[in-house]
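Please read the structure below before turning to the comments.
For clarity, chains are labelled A, B, C and D in written order, and residue numbers in each chain start from 1.
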Amino acid sequence: MSDLMKTYPILKIIDHGPGLRSLYFEKTFEVQPGQFINLWLPGVDEKPFSVSRITADFIEVSIKAYGPFSQAIMQCQPGQRLGLRGPFGRPFSWHNNALLIGGGIGIAPLRILGDTLSQKGFNFSYLIGAVTAHELLFPEEMKRQAATRIYTDDGSLGKKGRVTADIEQILDSEKIEFVYAAGPEIMFVVLKPILDQRRLPYEFCMERYMKCGIGICGQCVLDDSGIRLCVEGPVLNQDDLKQVTELGSVHRDASGRRVR
Amino acid sequence: MLKTRFFKAELETPFVLASGILGLTASSMIRVLDFGCGAVTTKSFNMEWRKGHKAPSILPFENGLLNAVGLSNPGADEMVREISQFKSRTNRPLFASIFGRTIDEFGQVAEKIVGLQPDLIEVNVSCPNVRSEFGRPFGDSPQDTAAITRLVKNIAGSHIPVSMKLGPHGPGIGLMAKACEDNGADAITAINTVGPGMLIDIDVRKPILANKTGGVSGPAILPIAVKSVYEVYQAVKIPIIGTGGVTTAADAIQMILAGASLVGVGTAVYERGIEVFHELAAGIENYMTTYGFKTIEDFRGLAHE
Amino acid sequence: MLKTRFFKAELETPFVLASGILGLTASSMIRVLDFGCGAVTTKSFNMEWRKGHKAPSILPFENGLLNAVGLSNPGADEMVREISQFKSRTNRPLFASIFGRTIDEFGQVAEKIVGLQPDLIEVNVSCPNVRSEFGRPFGDSPQDTAAITRLVKNIAGSHIPVSMKLGPHGPGIGLMAKACEDNGADAITAINTVGPGMLIDIDVRKPILANKTGGVSGPAILPIAVKSVYEVYQAVKIPIIGTGGVTTAADAIQMILAGASLVGVGTAVYERGIEVFHELAAGIENYMTTYGFKTIEDFRGLAHE
Amino acid sequence: MSDLMKTYPILKIIDHGPGLRSLYFEKTFEVQPGQFINLWLPGVDEKPFSVSRITADFIEVSIKAYGPFSQAIMQCQPGQRLGLRGPFGRPFSWHNNALLIGGGIGIAPLRILGDTLSQKGFNFSYLIGAVTAHELLFPEEMKRQAATRIYTDDGSLGKKGRVTADIEQILDSEKIEFVYAAGPEIMFVVLKPILDQRRLPYEFCMERYMKCGIGICGQCVLDDSGIRLCVEGPVLNQDDLKQVTELGSVHRDASGRRVR
């Protein structure tokens, strides 16, 4: 693919639960775990989405109903054409003995990462959580692939609690040499000091409001680093994050205003 | 070798980050300076924040970009904060780009920022999204442009230079530049985006940009930008920030030969990456060495001889 | 599948060779038709022959061409001879493109050629080289354009359709097209070249074109052309010959979706070779098959829905 | 090189005689015998010129003083920059046992052709002519390379007479299987029936007024064939020429008017 806009028909839709679905497109381009694409719903809007899986035939994108755009996506039908461009951004790097922590829709980029790590024969385990069972992406598939710990806020599946509830204990009891995380920013706020303290290297897959995806609008730039999340991210490591002062505190909306 | 003085500002290189490119936050602009850019221009802002148009609002095509961000910006208060931040972190040059939906608003925004001592106020009268009550950019009307120039210059006073940013359209850019000069402008920035243009997805059969149309920037517009700078140079004595389609050092040199004192760089940050400023600098230094030029001034405007 | 009727002319394909491209002689135009073009437009001519500008007058750059041929042409008498030649050798469609240095001259040239029964008279009011006494193309003035339209249409009568060729500049192409329609034009050709632009050789430090500036054509201008056609389609009911930057079948389809009845092809003859018409035809047929369109009409203007 | 304009310094100038000189440029591109380049003299004009020789280091162009442009070229100095673009057009094809006939400045493209034929080990001979001795290009070099017959109108070198004076006799007495010719159009008018009658295949390197060199202005198109000399020529063979009705009668000037 490329930065130029092109539309592709949705080949298949899988509904994971209410307001949570995967769209499948023909695999017309390569993508690395952590990279994202821009999805254009003609007449509505265009937004960035992580690729959640890539196979020989398919590109999969997993979307949670939230505001107007993602809700409109829930109305899409197979055969309907959406615009895709990308892939954009820097992907995850690959490490052995890793823990993959995913919260909510943040589980999406971990799925493609897990596939790659397992193809490479690396050891890893999943640690995933969501508000409730039907908001949890891919639990069964993950379990088949690697050790998988599950948390839900309401206890409807796995352990009751936040995905980070037992993190220190897990890190201290297992051979974990690298941590990947994707999910709501509060997760990173919790994880960062714990990982830094243990000098564990890590990569977080982050989100910011993105307008262009190609590094020129400035909308996704992180204070004080000047890092453009769409180009130098969305995956940032512990060194990148040293310069980021806005983690968990502010980000910018469509106008560029800081919001909390 | 590339050090350039522009009014009171000292630029390490003659390159200016064009307005609308990474110019939203202090952090972002400082990073661009660290990559070898000489001065940065903020995103154009007005009094009230604007969300701008829906996406796609920035669309690459084979020969550049179309954009219709709709002058989204966080508003003057937020930009004042970012500019102050910038000023507290560095004393490298910052140009503040302002616009208004009415002539008065240009004045209000100028008032907001004069106190911050930007190294230049750039007045965007040429964005296809800022239209007078007649439905055309202020920059298409010599009268409106003259009025805005006088108003902003009056507020900026003698110590802050004012550059009027013009487009290639309207009644002739030379004529417009002259109207600006005659009304107190200290510099001209030429040009804004061209067109606008439209691209249609042939499979869904709809214009791709949410706004349907958007201004054209990048390599496609280089010849129009060079010609505009050439024309402005013949029309006025004040310096020119030559902008539009500059992607390579050869493009930047063309701008300077046409008469530009500084060279604006926008879409090239996408085309070549943020490293583009180093490439441009290396190429120009090489050119200067070949021909024995010591400063940018040595070859500025030579295409007119 | 691609057969198209345009007024009384039957075109094998919806492609029209744009004016100024290989349109000087009968032999040349017939050859282009043999390569799958549907209709040819002659080079624009006026009463007296013109040598045009010195060379370089046609200059490729990365994203298209600059040209300032200066409306060189062999004059109406010679072109009458070539058009007669053409008519004696084939009955495929020929559009005669005319211009004048004064409003009256448009009429004189029209008089010269009505007898030859061209399938269309295209009136070039938008070339940056044909300027009214105010120094701007007639096509920038709705009044002049209206007067020229009335004059030529009067001479052409009801049996020869007249298309006014407009540029993207001036007071708005929709408005201009409306002025043409209101004054009797049967069609609009949009667009002429954009800019003009300039390129400077950085080693000899001079503008490369002998005329210094020249109009931009080719891929660089596609978005501006598509947008112009889209705007004209909303402004008028008469058919549009959509021209500007069409290089691939996808480009041509965009033009048709924007509202063009025929698609003008100029610079692509350079970019892709004279074989381009076959490529365009194959690409559009493929598209029509995919979506079940039987005629060009079936998808014309659909981007407006 | 390319179609885009670029200027290069003249590295060397060789004056062959009054109003006849070769310019040397650095060899920055490949060129085939018969192809031409456009030469831009900034501030003056741009015109097409055959490449007369290519070596490992140099591109050579040979120019005869004629009108304003070529006279201005006679004032050029080494080091001065001229614009070059091209190469344009279709080259000569290669044949054994060939006769290379050059008249006046038309000798230029035969020089590079002879170099190629001799590199390929083909047999060939030169037949060259000019008005007077000092308008003759490369006679010595040609003699060193192959059998060379020389004619001058005034008899100042070689035989007195037109280059085509003894052509029938030469063709009938020697093993000539292919004829190349370049020079004033009258030469082709004389040669064509002679060659056609003998069913000898041939290629002529022709000239027409050229504005663009890239096949779009239509200025160089030949009646009735529609052949664009800048793209399908400048080298035309006997089949191409069957459709050309204007040979030796008319051609078109800068305005496109037919002149005789």
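By definition in this document, contacts are C-beta pairs under 8 Å (C-beta built on N, C-alpha and C of every residue); 3 or more make two chains touch, one makes a residue touch a chain.
Small disclaimer: the values here were computed from a predicted structure and weren't measured.
Peer 1: Could you run down the chains that neighbour subunit A and subunit C together?
Peer 2: Correct list: B.
Peer 1: Of all the other chains, whose mean CA position lies farthest from subunit B?
Peer 2: Chain D.
Peer 1: From the mean C-alpha coordinate of subunit B to that of subunit C, what's the distance rounded to whole Å?
Peer 2: Taking the average C-alpha coordinate of subunit B and of subunit C, the gap between them is 34 Å.
Peer 1: Go ahead and note the Å separation of the Cα centroids belonging to subunit A and subunit B.
Peer 2: Whole-Å distance between the two chain centres: 36.
Peer 1: Roughly how many whole angstrom separate the Cα centroids of subunit A and subunit D?
Peer 2: The separation of the two C-alpha centroids amounts to 67 Å.
Peer 1: Compute the distance, rounded to whole Å, between the mean C-alpha positions of subunit B and subunit D.
Peer 2: 51
Peer 1: Two-or-more-chain contact residues of subunit B, please, as numbers and ranges.
Peer 2: 61-62, 199, 206
Peer 1: Tell me, which residues of subunit D touch at least two other chains?
Peer 2: Counting only residues that touch two or more other chains, subunit D contributes none.
Peer 1: Edges wherever two chains touch, nodes for the chains themselves; is that graph a line, a ring, a star, complete, or other here?
Peer 2: Per interface graph, the chains form a line.
Peer 1: Okay, what are all the chain pairs that touch?
Peer 2: Between chains, contact exists in these pairs: A-B, B-C, C-D.
Peer 1: Can you check the complex and tell me which residues of subunit B touch subunit A?
Peer 2: The touching residues are 20-32, 34, 43, 49-52, 54-62, 65, 69, 72-75, 78, 199, 201, 203-204, 206, 208, 210, 266-267, 269-270, 273-274.
Peer 1: Considering only the defined contacts, which subunit B positions touch subunit C in the complex?
Peer 2: Interface residues on the subunit B side: 61-64, 66, 168-169, 194-200, 202, 205-207, 212-213, 216, 219-224, 226-227, 230, 250, 253-254, 257-258, 287, 299, 302-303, 305.
Peer 1: Which residues, counting only subunit D, touch subunit C once they are in their complex?
Peer 2: Per the stated touch rule, the residues are 3-7, 38, 40, 42-47, 81, 83, 211-212, 214-219, 221-228, 231, 252-258.
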